[in-house]
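Look for chain A in each of the two complexes below; its partner is chain B in the first and chain C in the second.
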Partner chain A sequence: MSLRQSMAGLHTWAGLLVSWLLFTILFAGSLACFDKELTRWMQPSLHPPAGQPLSADQVRDWLHTRAPDAHAWWMRPPGPREPWWRAGWEPDGGEFQAFQLHAVTGEPLPKSVGGDFFFTLHYDLHAGLNGMYVVAAAAILMLVALISGVIIHRRIFQDFFTLRPQATRQRAWLDAHNVLGVLGLPFHLLMAYTGLAIFVITYMQAGIRVAYQGDAVRFDTEVQRSWEREDIGQPAPPPVSLDGLIVQAQRTWGDGGTAGWISVHHPADAAAVVSIRRRDDSRITDDQRTVSFDAASGALLHVQPPYDPGYRTFAWMTGLHMAQYGGQWVRGLYLLLGLAGCLMLVSGVQLWLAKREARGGLGLGLVRGLNAAVLGGLPLASLALLWANRLLPSGLPGREHWEVRAFLFTWTASIVWAALPLRRDRRTRDQLLLGALLALGLPLLSVVRAPQGHLGVSLARGDWALAGVDLVLLATGAVCALLSRRLGRVQAPAPTPPQRLAEESA
Partner chain B sequence: MLLVFGLNYLALLACCLGMARHHRALLGQPPSPQRVALLRGAAALGGLCALGVCIHQQGGEVGTVLWGCLLMLSGILLVALLAWRPRWALPLAVGAPLAGGAIALLGAS
Partner chain C sequence: MISVSNSTGAAAGIALRLVAAAVGGYGLAYTATAFLSVWLPLARTDRVMFASLASFAVYTGAILYAFAARSPWRACWVLSALCGVLALGAFLPGGFGARP
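Moving on to the complex of A and B:
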């Protein structure tokens, strides 16, 4: 067997087996580029422009009344993309308690999973450490598929611009798969590689086990050159103003940097430390240079030097993956390239199907079913989550869990539907139609449920971050409706058996 | 950004026309060897100009990444146009850089 032949088999199976998983990861990751905008969209009380925000001292008072004995308090001031305070505490040995506070009133906002849902879905599938390992395995197989794909695709330059949608089905999908794979290759390689690199300490522990006896925290502290102070078990004197410390931190940085995460460690202790991290989205590497103060006297305790060079490289790769730099342009382009990656996966499985339909074979039904369940089901479930967000009353206890349930219920229903032999010949058309209804309905629903943030109001205000979400929904709905109509037209005149037509669309 | 996108698109279109098959499809006959050399030169020049503008606007680090993203996306658009709307492929190569340049001159990019 020649190298190309063996690589072709590897490419087919390494690609196919994780296609649906990779679709989930890429789709959710693309949406997560705009996680903060989605979070704001999902919180109608954040839609009207905010006034003078709460001071850090007021947020600290809020934390003090709720968790005076916490191990640590955390807060993050409002920024241009996030016009709300984040605040939370870490109880001793307990789970982190996180809240969003209205920037002006300081009221905790109704619980909602927000855009974080998609962010978490894309790196651990909401399954914690095990999910991270599954995603890592998918990323490794993606790298394998990308590299073997380059080896088998011998006419990369001749076929660089070739796409023939009118050719036979197999040819057309092969063209599409090649074009999207080759043109997007730098992006795909970069995302798969840096995505793996982010959790390298979790995946490859040998170094930490040998050099640090498995103490990853000490490793982080050393390479980030951060600093901590132990508590001494004595009650704390009254603290100095946090806002004053923020001003002092800004003076220390001296480059116009603003405060990001602010933490108060062991706030009830005489050795309480206030640490202020710098927020920097102008460069790919955000080194979060932290300044630490004594909470009671305000004395400057430590200024974090720039990262260790090795860690700076790591932070650069992380930054490249996370797209927090460079403003909305970078995020918009990442979103489009991520969706192009989704299309590459779709064309890949379609090509697999087209090749095998002619000669028949095992697994055709399974692949078709998985296509309907994942490629159609996941976007529908995501839309259902947004619907649930708009429909659920804001005072509902456990509201965020109901949002997730709507997502899971819709996805499960899609899977069941894909498994049942119901209207199989027009499954994709039905899914597209449903997608169009759900997507076009959301901006309308917002007119009733989010009166200060629906499309008319946000456009009139020039609030593009908010209007963008609705505009993308409208565009998605329009594309779904068009495709569904087109599929209907293609199918209507052709008297071929419906069994074949199902795959035209799947 | 439109200027960078347009220049990238122009570069890729020139690159594409440098191949006999696409040249025939868009312009009716295969290109002469001089024309292929000219088109490849134009492709390199367009891509470099795009990179230069992007770095000038966004700085070296972010600018290079943005340029790469825009190059990939302009390629996808070009391929889609060639497949479904070949008549639009040539006018866009003139229109996008001109419109982008006008916007950049007006200071609104």
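Moving on to the complex of A and C:
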């Protein structure tokens, strides 16, 4: 068996087995490029442009009245993409409490999962550490599929210019798979690798074991060059102004950097520490250079030195994956290349099906069912989540859980429908039609439910971040409607007998 | 090409390659990370970071090798032997890896 043959088998099976999992990860990750814009879209009270935002001192007062004895307070000022305050606290031994505050009024916003839902789905499937390991396994197999794909590819350049959509079904899917695979290859390789790198310390502890005798805390402190001060058990004197400390931190950085995360550790103690992290969206590597002050006297306690080369490389890889640098055009490119990856997976699975439909084989029904359940079900469930967001009353207790339930209910319904022998030959058409209705309906629904942020208003305001969400929904709906019509026309004549190809029968 | 075959021999061969890829691959990634964390001529934080970041490349390479090797048994013993050599290099020097 030649190398190319064994790699072809590996490519087919490593790719197929994780296709649906990877589709979920890539789809959620692509949407997560615009998580902050989605969060704002999902909070109608953030739609009108905000005025003078709350000061950091006012947010600290807000935290003080709610959690005076917290282990630590955290806050993050509004930015161009996030016109709201984030604030929260860590109770001693309890779970982290997080809020979004209206930038001007300081009111906590109605609970909503926001764009974070897709971000979390992307990296741990909402299943915590176990989910992270599943995602990591999928990412390793993605690397294997990509590299074995390159090895079996004889004419990487010619194939890029070869697209025969009118050819036999199998040939057309193969061309599509090749074009999308080659087009996205550098991006997909980088994303798979840097995505794994983000949690490298969780996945690979060998280095800490031999070089730090397993002391992970010591390693973390050393690489991040972080600094802490223990509490001393005495009550805290009145604190100095946080806003003044922010100005002082900016003077310390001296490069126009602005404040990102601000934390107050053991705020009720005389040894309370204010730490201010720099936020830098202009570079791939955001080193978050932290400045720490004494909360009571305002004395400068510590300035975090630059990272060592190893950790800087890690931060560069993380930054490359997270796409917080470079502005909306870079994020738009990430979104498109991510979706190209989704289509590469779809065409790969269709290619597998087209080949086996010709000669029959095991698992055809299972693969078709999984396609309907995941490739159709996940986008429909995502649209259902947005519908729930618009329809649920803002005062509903546990509102964010109902959003998730709408998502899960729709996905479960898609899975059940995929398993039942109902309208099987028209399944894709039905799903596309439903997707078109859901996507086109959302901008209309917003006219009623988000009067200060629907498309007419946001376009008139030149508010492209907000209008963009609705425009993408309209485009998605239009594409779904067109495809559904086209499928209806293609299926009408009797199917031509499938043709087998001697070549590339992986 | 790997296909669903009637021959039990072929199925056993694929199962063996799968084990070599998953277990042997992780073993090789683990021991290579440990080995590099001890022996790279760098400061301790950099040794650990660079070695750890390289581990996924090692894992991927090992999986590809497990399916490219001439025979399933060969994949198993080559990966095991490499793991053994790297583990000896990483764990024998004792406290040397913990130098700053």
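Note that in this section the second predicted complex is superposed on the first by the 484 of 506 C-alpha atoms of A that agree within 3 Å, B and C clash if a C-alpha of one lies under 4 Å from a C-alpha of the other, contacts with A are read in each partner's own complex, and residues count from 1 in each chain.
By definition in this document, contacts are C-beta pairs under 8 Å (C-beta built on N, C-alpha and C of every residue); 3 or more make two chains touch, one makes a residue touch a chain.
Small disclaimer: the values here were computed from a predicted structure and weren't measured.
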| item | value |
| --- | --- |
| Touched partner set for A:P309, first chain B, second chain C, both or neither | second |
| Partner chain in contact with A:L180 - chain B first, chain C second, else both or neither | first |
| Which superposed partner A:Y212 touches (first chain B, second chain C, both, neither) | second |
| Partner chain(s) touched by A:L337 [first = chain B, second = chain C, both, neither] | first |
| When both partners are placed on the shared chain, which of chain B and chain C touches more of chain A | C |
| Which superposed partner A:L3 touches (first chain B, second chain C, both, neither) | second |
| First (chain B), second (chain C), both or neither touched by A:M204 | second |
| Which of chain B and chain C A:L320 touches, first, second, both or neither | first |
| Residues on chain A lying within both footprints (that of chain B and that of chain C) | none |
| Touching residues on chain C, where the partner in the complex is chain A | 1-4, 29-31, 33-34, 36-38, 42-53, 55-57, 59-60, 63-64, 67-68, 90-91, 97-98 |
| Complex contact set, residues of chain B against chain A | 1, 12, 15-16, 19, 21-22, 58, 61-62, 65-66, 68-70, 72-73, 75-76, 78-80, 82-84 |
| Residue numbers on chain A that touch chain C, as the complex places them | 1, 3, 5-10, 12-14, 140, 143-144, 147-148, 193, 196-197, 200-201, 203-204, 206-213, 219, 222-223, 308-311, 313-314, 317, 361-362, 505-506 |
| Residue ranges of chain A in contact with chain B within the complex | 158, 160-165, 179-180, 183-184, 186-187, 282-284, 320, 325-326, 329-330, 333-334, 336-337, 340 |
